[in-house]
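The next part holds the structures, each set out as structure tokens.
Both complexes below contain chain A, partnered by chain B and then by chain C.
Now for the complex of A and B:
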């Protein structure tokens, strides 16, 4: 799966979790925390995206993912 | 009705109310439906119930009269992902909070408590999540670990309203709403809080819950009466059992001196309350204990039964429950009572954990608006010795009212409200 496709999924799920978010703010360089996510919001965005992709990544692995770019790369690694 | 009758303690008044149920989201829409005798009960997909149909959280928050924008924004952000029951509770709580004038009040959060009446209110959500889990276990979000707890109500309400005093849920099955009022009143009366937000949680039944109530014979079976869309006839000889309703309500209880200092006119006083068990784990109510809680609540209010103007019965339209309650009421009220005997569940359905709070609000609304709402489908009353509300609303001056709440497992409760306290 292309990283662009995964990014689009993350962006869509972020908008579901935080509807008032301006879509232009959601960039590869932003962190979920910067965008206003608390820990529960972050976990939900990840869960929704994994479900969309049909994959399962252990929760511990996401602790390294700071910005959206590293989150997308981590998810992409598990789709090979 | 002396303030001291409940023992040494601070008199407790109701300074705000809110509601979200099948016949109204907001106090004035609810009052209009009560007056018109409009029922939220309908037949849909083979079921008869009173759903909170078309409830939209953002719309409900936007419709709260006088709600400050900051509080509105906060509510939408904090509860935007919450379960429907919590969103409905937030809407009702914001109505009560704003109606009580609290957004502008200088009342520290540490002096405010919150009590949510309800147990096992997340059955429908757990059922839906179980279906999702069977399709894809990974699709279960961590958020659900918070949402599945009844106490999520407490956390969300306290965060939105910055409440840092005491807070918890009180479980009492269908008596839960009344028990929340009782606990909240005692919290304020004891001085543990200056004000307490009391909520009766909305119970959204899962198909499993529904089936068990049907199997128990407590719930009216729509399949047994395919041509009857009303199905819910409290105190009628043809009643068939309860019809489930979705609804929640909130009351802001406050120490009378606090309300007076803020210059807020109370809607009513919580004059007396009583709760007792019947040492019985089954579903059947006890006439003796019903008589006991009603009598005790009145005595604690310093009132005599003949002073009662209005009774909001538990009145579910169950075969046994209504018969027992009517018998208990005849004993408490005596032969010459002029008290109206009413059944709000004819309009709202049985809101289960939320019922006591919805009916407390219905009672206060009828006191402040001066009417008794209809019991529109009561054709053949099971007794001629009680003054049941009829098919039309009646103008009424209600100075003293009693509201019953009974639950499976021998839980019996009654609350007395007194009007014209300002």
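Now for the complex of A and C:
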């Protein structure tokens, strides 16, 4: 799956979890925490995206994913 | 019309004799008060050094056992304690509990462990035993009991952790809840989200734990759907009682399923949460996480506080780190409310004496020794007299007076 497609999914799920978020603020360089996600919101965005993609990534791996770019790369690696 | 089938004949919780207002804990630890809303916690039950998993279990189950006639009491053929606070590697908490409750010697006595899930495994196996017909009229007593080991290292989990026990009598006279037998969904896999590697400390990976909880909620419900026809998350269940480590996570879990299953809007999710979930969160917000008893504390809260007038179906979700989980359901009715009212849970919660942060911090050091194996230890129960006096109308309560040659010793106060 292309990284752009995964980014679109993350973006869509972020908007679902935090509806008041301005879509323009969601860039590859932002972190979920910067965008106002608390720990539960982060877990939701990631589980929703994994479910959309039909993959399961061990939770421990996400600790290394700081910004959205590394999150998208991590998810992309698991679709390869 | 009363409930029929197999299920919970009686249920009770014991949530300690002391409580700490959560804002006082936030201030004492220098936590950010803005996160209070997220936790949705008002107070948390705190152990006294003369309480342990055995006293909690006995104090929860005693009103149930006292309500039985001799023959009914002797029909308890299985006693299972569920705990992540074992008092010995070999001997179970239930050995002590069996003796102190005066149960028949013709009884299977053992303990189950799977973090916050084990009580549900025990309840389900007990219900299957009762329904199997191998011993007509048999009852099983399942008691989820734990003590907290959190301190400042636990961060925002410290204000959400409770203390106490929940006791459920399972039989073919389901006065409190009739289970939908065969309607369940399970989901389990190995992960290290939280654990208790030693007798006096817990470890937790908050992100991993939230992930696993939310993942398991979706997966268990999906499995439930494969076993039951025409299930709709939004309409099949009049109410929901979910494992409540803190209310914010229950809110997220509910939101997730409403989006996945019902494609609900933000407004619909909020209205549904207020109507179907909030009644289950009242007691948890006053007590904190009761480990494997937490979902049953939520059920008691729901039965006491929800405005149902007729039969109502409750969807329940149990989750334990490590991890194992189950979604199941049952029916309650007006009789459930009458039955539970006899336990006077709200009154007992209100009778707990408040602690200051300094008193709490002092007790915490002693409480963390509760499960540490030592051959001999003395506990001065008299120091905690005022807590027992404030709850005197409950009648005698069990307290730990010490350990002699590794044998725990108790007395009634």
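The definition used in the following text is that the second predicted complex is superposed on the first by the 80 of 80 C-alpha atoms of A that agree within 3 Å, B and C clash if a C-alpha of one lies under 4 Å from a C-alpha of the other, contacts with A are read in each partner's own complex, and residues count from 1 in each chain.
Going forward, contacts are C-beta pairs under 8 Å (C-beta built on N, C-alpha and C of every residue); 3 or more make two chains touch, one makes a residue touch a chain.
Model, not experiment: these values are computed from the prediction.
Touch criterion met: A:62 reaches chain C, while chain B stays clear of it.
After overlaying the two complexes on the shared chain, residue contacts for A:5 are found with neither chain B nor chain C. The residues of chain A shared by its contacts with chain B and with chain C are 19, 40-41, 43-44, 47-48, 51. Of all residues in chain A, only 17-20, 40-41, 43-44, 47-48, 50-51, 54-56 touch chain B in the complex they form. Within the complex formed with chain A, the chain B residues making contact are 76-77, 80-81, 136, 138-143, 146. Note for the complex: chain C touches chain A at residues 38, 191, 193, 205-208, 210-212, 214-215, 218, 248-249, 252, 255-256, 259-260, 266. By the touch rule above, chain A contacts chain C in their complex via residues 16, 19, 38-44, 46-48, 51, 58-60, 62-63.
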